[in-house]
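I have placed the structure first, in the form of C-alpha coordinates, so that the comments after it can refer back to it.
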Amino acid sequence: MPTYHIEMMEGRTVEQKRKLVEEITRVSVEVLGGSPEYVDIVITDIKRENWATGGKLWLERE
Amino acid sequence: MPTYHIEMMEGRTVEQKRKLVEEITRVSVEVLGGSPEYVDIVITDIKRENWATGGKLWLERE
Amino acid sequence: MPTYHIEMMEGRTVEQKRKLVEEITRVSVEVLGGSPEYVDIVITDIKRENWATGGKLWLERE
Amino acid sequence: MPTYHIEMMEGRTVEQKRKLVEEITRVSVEVLGGSPEYVDIVITDIKRENWATGGKLWLERE
Amino acid sequence: MPTYHIEMMEGRTVEQKRKLVEEITRVSVEVLGGSPEYVDIVITDIKRENWATGGKLWLERE
Amino acid sequence: MPTYHIEMMEGRTVEQKRKLVEEITRVSVEVLGGSPEYVDIVITDIKRENWATGGKLWLERE
(Lines give C-alpha, C1' and ligand atoms only; values in the text may rest on other atoms or scores of the structure.)
Protein backbone atom coordinates (compact mmCIF):
# COMPACT_ATOMS: atom_id res chain seq x y z
CA MET A 1 0.00 0.00 0.00
CA PRO A 2 0.69 1.34 -2.45
CA THR A 3 1.29 -1.72 -4.60
CA TYR A 4 2.96 -1.61 -8.01
CA HIS A 5 2.60 -4.32 -10.65
CA ILE A 6 5.07 -3.95 -13.49
CA GLU A 7 4.74 -5.91 -16.72
CA MET A 8 7.87 -5.87 -18.84
CA MET A 9 9.22 -7.86 -21.74
CA GLU A 10 11.35 -10.72 -20.45
CA GLY A 11 15.11 -10.40 -20.58
CA ARG A 12 15.83 -7.68 -18.03
CA THR A 13 18.68 -8.40 -15.62
CA VAL A 14 18.37 -8.71 -11.86
CA GLU A 15 20.55 -5.58 -11.67
CA GLN A 16 17.98 -3.62 -13.71
CA LYS A 17 15.16 -4.91 -11.52
CA ARG A 18 17.14 -4.07 -8.36
CA LYS A 19 17.65 -0.51 -9.58
CA LEU A 20 14.07 -0.13 -10.79
CA VAL A 21 12.40 -1.16 -7.52
CA GLU A 22 14.77 1.08 -5.56
CA GLU A 23 13.90 4.10 -7.71
CA ILE A 24 10.16 3.40 -7.91
CA THR A 25 10.01 3.07 -4.13
CA ARG A 26 11.91 6.33 -3.62
CA VAL A 27 9.63 8.20 -6.05
CA SER A 28 6.52 6.67 -4.50
CA VAL A 29 7.44 7.79 -0.99
CA GLU A 30 8.38 11.27 -2.23
CA VAL A 31 5.08 11.84 -4.01
CA LEU A 32 2.57 9.85 -1.95
CA GLY A 33 4.24 9.87 1.46
CA GLY A 34 4.27 6.88 3.82
CA SER A 35 7.13 4.56 4.71
CA PRO A 36 9.18 2.63 2.11
CA GLU A 37 8.31 -0.61 3.94
CA TYR A 38 4.69 -0.18 2.79
CA VAL A 39 5.64 -0.09 -0.89
CA ASP A 40 5.24 -3.48 -2.56
CA ILE A 41 6.34 -4.10 -6.14
CA VAL A 42 5.64 -7.21 -8.20
CA ILE A 43 7.31 -7.66 -11.58
CA THR A 44 5.95 -9.90 -14.33
CA ASP A 45 8.28 -10.92 -17.14
CA ILE A 46 6.23 -11.30 -20.31
CA LYS A 47 7.34 -13.57 -23.13
CA ARG A 48 7.32 -12.16 -26.67
CA GLU A 49 4.73 -14.77 -27.66
CA ASN A 50 2.43 -13.40 -24.94
CA TRP A 51 2.38 -9.67 -25.70
CA ALA A 52 0.68 -8.15 -28.72
CA THR A 53 0.28 -4.61 -29.97
CA GLY A 54 -1.71 -3.67 -33.05
CA GLY A 55 -2.92 -7.26 -33.43
CA LYS A 56 0.57 -8.76 -33.77
CA LEU A 57 2.56 -10.73 -31.18
CA TRP A 58 5.92 -9.09 -30.37
CA LEU A 59 7.47 -12.41 -31.38
CA GLU A 60 6.52 -11.47 -34.93
CA ARG A 61 6.94 -7.71 -34.76
CA GLU A 62 10.71 -7.60 -34.52
CA MET B 1 -5.79 1.59 -24.39
CA PRO B 2 -7.77 -0.53 -24.42
CA THR B 3 -5.68 -3.24 -22.80
CA TYR B 4 -6.67 -6.91 -22.70
CA HIS B 5 -5.31 -9.43 -20.22
CA ILE B 6 -6.14 -13.01 -21.15
CA GLU B 7 -5.66 -15.88 -18.73
CA MET B 8 -5.78 -19.29 -20.36
CA MET B 9 -4.76 -22.79 -19.43
CA GLU B 10 -1.21 -23.46 -20.60
CA GLY B 11 -0.67 -25.50 -23.73
CA ARG B 12 -2.01 -23.25 -26.46
CA THR B 13 0.19 -22.93 -29.54
CA VAL B 14 1.80 -19.75 -30.82
CA GLU B 15 -0.44 -20.11 -33.87
CA GLN B 16 -3.57 -20.03 -31.66
CA LYS B 17 -2.22 -16.98 -29.83
CA ARG B 18 -1.35 -15.27 -33.12
CA LYS B 19 -4.89 -15.84 -34.41
CA LEU B 20 -6.51 -14.83 -31.10
CA VAL B 21 -4.73 -11.46 -30.78
CA GLU B 22 -5.48 -10.67 -34.42
CA GLU B 23 -9.18 -11.35 -33.95
CA ILE B 24 -9.48 -9.65 -30.54
CA THR B 25 -7.80 -6.54 -31.93
CA ARG B 26 -10.11 -6.48 -34.97
CA VAL B 27 -13.22 -6.88 -32.80
CA SER B 28 -11.99 -4.25 -30.33
CA VAL B 29 -11.48 -1.63 -33.04
CA GLU B 30 -14.86 -2.45 -34.62
CA VAL B 31 -16.79 -2.01 -31.39
CA LEU B 32 -14.82 0.61 -29.46
CA GLY B 33 -13.18 2.51 -32.30
CA GLY B 34 -9.60 3.82 -32.21
CA SER B 35 -6.53 2.55 -34.02
CA PRO B 36 -5.28 -1.07 -33.81
CA GLU B 37 -1.90 0.24 -32.64
CA TYR B 38 -3.52 1.31 -29.36
CA VAL B 39 -4.76 -2.19 -28.58
CA ASP B 40 -2.43 -4.03 -26.20
CA ILE B 41 -2.95 -7.68 -25.30
CA VAL B 42 -1.10 -9.63 -22.63
CA ILE B 43 -1.58 -13.40 -22.35
CA THR B 44 -0.89 -15.37 -19.19
CA ASP B 45 -0.50 -19.15 -19.46
CA ILE B 46 -1.81 -20.72 -16.28
CA LYS B 47 -0.55 -24.10 -15.08
CA ARG B 48 -3.14 -26.72 -14.08
CA GLU B 49 -1.78 -26.66 -10.53
CA ASN B 50 -2.51 -22.93 -10.37
CA TRP B 51 -6.17 -22.76 -11.44
CA ALA B 52 -9.04 -24.03 -9.34
CA THR B 53 -12.79 -24.11 -9.85
CA GLY B 54 -15.23 -25.38 -7.25
CA GLY B 55 -12.42 -25.77 -4.73
CA LYS B 56 -10.40 -28.21 -6.83
CA LEU B 57 -7.22 -27.57 -8.81
CA TRP B 58 -7.61 -28.36 -12.51
CA LEU B 59 -4.64 -30.70 -12.06
CA GLU B 60 -7.06 -32.91 -10.12
CA ARG B 61 -10.27 -32.23 -11.99
CA GLU B 62 -9.43 -34.04 -15.17
CA MET C 1 -11.35 -20.18 -18.28
CA PRO C 2 -10.28 -18.45 -20.32
CA THR C 3 -10.78 -15.17 -18.47
CA TYR C 4 -10.51 -11.76 -20.13
CA HIS C 5 -9.86 -8.52 -18.26
CA ILE C 6 -10.44 -5.44 -20.39
CA GLU C 7 -9.30 -1.98 -19.32
CA MET C 8 -10.88 0.82 -21.31
CA MET C 9 -11.28 4.53 -20.93
CA GLU C 10 -14.56 5.29 -19.16
CA GLY C 11 -17.51 6.48 -21.22
CA ARG C 12 -18.39 3.44 -23.30
CA THR C 13 -22.08 2.60 -23.44
CA VAL C 14 -23.70 -0.58 -22.17
CA GLU C 15 -24.55 -1.33 -25.79
CA GLN C 16 -20.85 -1.22 -26.76
CA LYS C 17 -19.98 -3.47 -23.82
CA ARG C 18 -22.81 -5.86 -24.73
CA LYS C 19 -21.52 -6.12 -28.31
CA LEU C 20 -17.87 -6.40 -27.23
CA VAL C 21 -18.37 -9.32 -24.80
CA GLU C 22 -20.50 -11.13 -27.38
CA GLU C 23 -17.80 -10.82 -30.03
CA ILE C 24 -14.86 -11.57 -27.72
CA THR C 25 -16.62 -14.71 -26.51
CA ARG C 26 -17.36 -15.86 -30.06
CA VAL C 27 -13.76 -15.29 -31.16
CA SER C 28 -12.40 -16.99 -28.04
CA VAL C 29 -14.44 -20.14 -28.61
CA GLU C 30 -13.50 -20.21 -32.31
CA VAL C 31 -9.76 -20.00 -31.67
CA LEU C 32 -9.31 -21.75 -28.32
CA GLY C 33 -12.26 -24.13 -28.31
CA GLY C 34 -14.37 -24.91 -25.25
CA SER C 35 -17.89 -23.79 -24.40
CA PRO C 36 -19.00 -20.13 -24.30
CA GLU C 37 -20.18 -20.65 -20.72
CA TYR C 38 -16.53 -21.01 -19.64
CA VAL C 39 -15.56 -17.59 -21.02
CA ASP C 40 -15.54 -14.92 -18.33
CA ILE C 41 -14.98 -11.24 -19.14
CA VAL C 42 -14.44 -8.44 -16.65
CA ILE C 43 -14.38 -4.84 -17.83
CA THR C 44 -12.70 -2.01 -15.91
CA ASP C 45 -13.65 1.57 -16.79
CA ILE C 46 -10.60 3.76 -16.24
CA LYS C 47 -10.94 7.46 -15.48
CA ARG C 48 -8.81 9.90 -17.50
CA GLU C 49 -7.05 10.96 -14.32
CA ASN C 50 -5.99 7.34 -13.76
CA TRP C 51 -4.38 6.46 -17.09
CA ALA C 52 -1.09 7.86 -18.30
CA THR C 53 0.97 7.35 -21.43
CA GLY C 54 4.36 8.95 -22.01
CA GLY C 55 4.36 10.36 -18.48
CA LYS C 56 1.15 12.36 -18.91
CA LEU C 57 -2.31 11.63 -17.56
CA TRP C 58 -4.92 11.35 -20.32
CA LEU C 59 -6.80 14.06 -18.46
CA GLU C 60 -4.08 16.40 -19.67
CA ARG C 61 -3.29 14.86 -23.03
CA GLU C 62 -6.44 15.81 -24.86
CA MET D 1 -17.66 -15.05 -9.69
CA PRO D 2 -16.24 -14.44 -7.28
CA THR D 3 -12.72 -14.76 -8.64
CA TYR D 4 -9.61 -14.91 -6.46
CA HIS D 5 -6.11 -14.10 -7.67
CA ILE D 6 -3.42 -15.14 -5.21
CA GLU D 7 0.17 -13.99 -5.53
CA MET D 8 2.59 -15.97 -3.40
CA MET D 9 6.33 -16.46 -3.27
CA GLU D 10 7.31 -19.47 -5.39
CA GLY D 11 8.10 -22.73 -3.67
CA ARG D 12 4.74 -23.80 -2.26
CA THR D 13 3.82 -27.43 -2.84
CA VAL D 14 0.87 -28.69 -4.84
CA GLU D 15 -0.48 -30.09 -1.55
CA GLN D 16 -0.46 -26.59 -0.01
CA LYS D 17 -2.20 -25.16 -3.08
CA ARG D 18 -4.73 -28.00 -3.01
CA LYS D 19 -5.54 -27.28 0.63
CA LEU D 20 -5.58 -23.49 0.13
CA VAL D 21 -8.08 -23.49 -2.76
CA GLU D 22 -10.33 -25.92 -0.90
CA GLU D 23 -10.39 -23.68 2.18
CA ILE D 24 -10.71 -20.38 0.29
CA THR D 25 -13.65 -21.79 -1.66
CA ARG D 26 -15.36 -23.03 1.50
CA VAL D 27 -14.92 -19.66 3.24
CA SER D 28 -16.07 -17.77 0.14
CA VAL D 29 -19.31 -19.75 -0.11
CA GLU D 30 -19.96 -19.39 3.63
CA VAL D 31 -19.58 -15.61 3.63
CA LEU D 32 -20.77 -14.57 0.16
CA GLY D 33 -23.16 -17.39 -0.67
CA GLY D 34 -23.47 -18.95 -4.12
CA SER D 35 -22.31 -22.34 -5.35
CA PRO D 36 -18.69 -23.57 -5.05
CA GLU D 37 -18.65 -24.16 -8.81
CA TYR D 38 -18.76 -20.37 -9.32
CA VAL D 39 -15.60 -19.78 -7.30
CA ASP D 40 -12.52 -19.45 -9.51
CA ILE D 41 -9.03 -19.17 -8.05
CA VAL D 42 -5.84 -18.38 -9.97
CA ILE D 43 -2.47 -18.66 -8.23
CA THR D 44 0.65 -16.83 -9.39
CA ASP D 45 4.02 -18.04 -8.14
CA ILE D 46 6.32 -15.04 -7.84
CA LYS D 47 10.09 -15.41 -8.07
CA ARG D 48 12.22 -13.73 -5.37
CA GLU D 49 13.81 -11.54 -8.04
CA ASN D 50 10.33 -10.25 -8.96
CA TRP D 51 8.95 -9.15 -5.59
CA ALA D 52 10.20 -6.14 -3.68
CA THR D 53 9.23 -4.57 -0.38
CA GLY D 54 10.78 -1.40 0.98
CA GLY D 55 12.73 -0.90 -2.24
CA LYS D 56 14.59 -4.22 -2.04
CA LEU D 57 14.01 -7.40 -4.02
CA TRP D 58 13.26 -10.39 -1.78
CA LEU D 59 16.21 -12.08 -3.48
CA GLU D 60 18.37 -9.65 -1.52
CA ARG D 61 16.32 -9.34 1.65
CA GLU D 62 16.93 -12.78 3.06
CA MET E 1 2.90 -11.45 0.59
CA PRO E 2 0.82 -13.34 -0.07
CA THR E 3 -1.55 -10.90 -1.75
CA TYR E 4 -5.18 -11.73 -2.57
CA HIS E 5 -7.25 -9.87 -5.17
CA ILE E 6 -10.94 -10.69 -4.95
CA GLU E 7 -13.38 -9.72 -7.69
CA MET E 8 -17.00 -9.96 -6.64
CA MET E 9 -20.31 -8.65 -7.91
CA GLU E 10 -21.08 -5.30 -6.31
CA GLY E 11 -23.59 -5.17 -3.50
CA ARG E 12 -21.83 -7.02 -0.69
CA THR E 13 -21.98 -5.33 2.71
CA VAL E 14 -19.01 -4.07 4.70
CA GLU E 15 -19.89 -6.74 7.26
CA GLN E 16 -19.50 -9.48 4.62
CA LYS E 17 -16.17 -8.01 3.52
CA ARG E 18 -15.03 -7.73 7.14
CA LYS E 19 -15.84 -11.40 7.73
CA LEU E 20 -14.34 -12.52 4.41
CA VAL E 21 -10.94 -10.86 4.91
CA GLU E 22 -10.74 -12.19 8.46
CA GLU E 23 -11.40 -15.75 7.29
CA ILE E 24 -9.19 -15.59 4.19
CA THR E 25 -6.30 -14.28 6.31
CA ARG E 26 -6.77 -17.03 8.90
CA VAL E 27 -6.87 -19.75 6.23
CA SER E 28 -3.86 -18.27 4.43
CA VAL E 29 -1.70 -18.29 7.56
CA GLU E 30 -2.82 -21.83 8.44
CA VAL E 31 -1.90 -23.26 5.04
CA LEU E 32 1.02 -21.13 3.88
CA GLY E 33 2.49 -20.02 7.21
CA GLY E 34 3.87 -16.54 7.90
CA SER E 35 2.36 -13.73 9.94
CA PRO E 36 -1.15 -12.31 9.40
CA GLU E 37 0.38 -8.84 8.99
CA TYR E 38 1.93 -9.99 5.70
CA VAL E 39 -1.43 -10.94 4.19
CA ASP E 40 -2.83 -8.20 1.96
CA ILE E 41 -6.29 -8.42 0.42
CA VAL E 42 -7.76 -6.09 -2.18
CA ILE E 43 -11.44 -6.36 -3.11
CA THR E 44 -12.87 -5.12 -6.39
CA ASP E 45 -16.63 -4.60 -6.64
CA ILE E 46 -17.71 -5.34 -10.21
CA LYS E 47 -20.82 -3.77 -11.70
CA ARG E 48 -23.27 -6.05 -13.50
CA GLU E 49 -22.65 -4.17 -16.73
CA ASN E 50 -18.94 -5.02 -16.43
CA TRP E 51 -19.01 -8.80 -15.93
CA ALA E 52 -19.97 -11.26 -18.65
CA THR E 53 -20.21 -15.03 -18.75
CA GLY E 54 -21.08 -16.98 -21.87
CA GLY E 55 -21.02 -13.80 -23.94
CA LYS E 56 -23.73 -12.02 -21.95
CA LEU E 57 -23.36 -9.22 -19.43
CA TRP E 58 -24.74 -10.15 -15.99
CA LEU E 59 -26.91 -7.06 -16.33
CA GLU E 60 -28.83 -9.03 -18.95
CA ARG E 61 -28.52 -12.52 -17.55
CA GLU E 62 -30.81 -12.11 -14.59
CA MET F 1 5.40 -1.88 -22.56
CA PRO F 2 6.35 -1.64 -19.87
CA THR F 3 2.99 -1.25 -18.15
CA TYR F 4 2.57 -0.15 -14.53
CA HIS F 5 -0.53 -0.80 -12.44
CA ILE F 6 -0.57 1.19 -9.22
CA GLU F 7 -3.03 0.44 -6.44
CA MET F 8 -3.27 3.20 -3.85
CA MET F 9 -5.68 4.16 -1.12
CA GLU F 10 -8.26 6.57 -2.48
CA GLY F 11 -7.91 10.26 -1.71
CA ARG F 12 -4.80 11.25 -3.65
CA THR F 13 -5.07 14.46 -5.66
CA VAL F 14 -4.78 14.76 -9.42
CA GLU F 15 -1.62 16.80 -8.78
CA GLN F 16 -0.05 13.87 -6.89
CA LYS F 17 -1.03 11.47 -9.68
CA ARG F 18 0.34 13.88 -12.29
CA LYS F 19 3.66 14.06 -10.49
CA LEU F 20 3.79 10.30 -9.82
CA VAL F 21 3.26 9.22 -13.44
CA GLU F 22 5.85 11.77 -14.62
CA GLU F 23 8.45 10.44 -12.21
CA ILE F 24 7.65 6.75 -12.72
CA THR F 25 7.93 7.21 -16.48
CA ARG F 26 11.27 9.03 -16.16
CA VAL F 27 12.70 6.33 -13.87
CA SER F 28 11.37 3.55 -16.11
CA VAL F 29 13.05 4.96 -19.22
CA GLU F 30 16.31 5.54 -17.32
CA VAL F 31 16.52 1.98 -16.02
CA LEU F 32 14.84 -0.10 -18.74
CA GLY F 33 15.45 2.08 -21.79
CA GLY F 34 12.87 2.60 -24.55
CA SER F 35 10.77 5.66 -25.31
CA PRO F 36 8.48 7.38 -22.76
CA GLU F 37 5.57 6.94 -25.18
CA TYR F 38 5.73 3.18 -24.58
CA VAL F 39 5.26 3.53 -20.82
CA ASP F 40 1.64 3.01 -19.78
CA ILE F 41 0.47 3.58 -16.21
CA VAL F 42 -2.94 2.70 -14.79
CA ILE F 43 -3.89 3.84 -11.30
CA THR F 44 -6.57 2.17 -9.19
CA ASP F 45 -7.99 4.09 -6.23
CA ILE F 46 -8.91 1.57 -3.52
CA LYS F 47 -11.59 2.34 -0.95
CA ARG F 48 -10.76 1.71 2.72
CA GLU F 49 -13.52 -0.89 2.87
CA ASN F 50 -11.79 -2.80 0.06
CA TRP F 51 -8.23 -3.14 1.37
CA ALA F 52 -7.25 -5.34 4.29
CA THR F 53 -3.95 -6.08 5.98
CA GLY F 54 -3.56 -8.57 8.81
CA GLY F 55 -7.18 -9.65 8.42
CA LYS F 56 -8.66 -6.21 9.08
CA LEU F 57 -10.15 -3.75 6.59
CA TRP F 58 -8.35 -0.38 6.58
CA LEU F 59 -11.76 1.13 7.29
CA GLU F 60 -11.40 -0.38 10.76
CA ARG F 61 -7.67 -0.12 11.25
CA GLU F 62 -7.44 3.62 11.64
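Observations
Per-chain residue numbering starts at 1, and chain names A, B, C, D, E and F are given in the order in which the chains are listed.
In this text, a contact is a pair of C-beta atoms (placed from the backbone, for glycine too) under 8 Å apart; a residue touches a chain by one contact, two chains touch by 3 or more.
Everything numeric here is computed off the predicted structure, so don't read it as measured data.
For B-C, the equivalent interface among the listed pairs A-E, A-F or B-D is A-F, as over half of the contact pairs agree by residue number.
Counting C-beta pairs in contact across A-E and across A-B gives the higher total for A-B. With centres taken as mean Cα positions, chain F sits 24 Å from chain B.
We define each chain's centre as the mean of its Cα atoms; on that basis chain C and chain F are separated by 20 Å. Among the residues of chain B, those in touch with two or more other chains are 1, 3, 7, 24, 40, 42, 51, 53.
Across the complex, chain C is touched by residues 7, 46, 49-57, 59-60 of chain E.
Listing the residues of chain C that touch chain D in their complex gives 1, 3, 40, 42. Looking at the complex, you find that chain C touches chain B at residues 1-9, 12, 16, 19-20, 23-24, 27-28, 30-32, 51, 53, 58.
Contacts from chain D toward chain B in the complex involve residues 14, 17-18, 21-22, 24-26, 36-37, 39-45.
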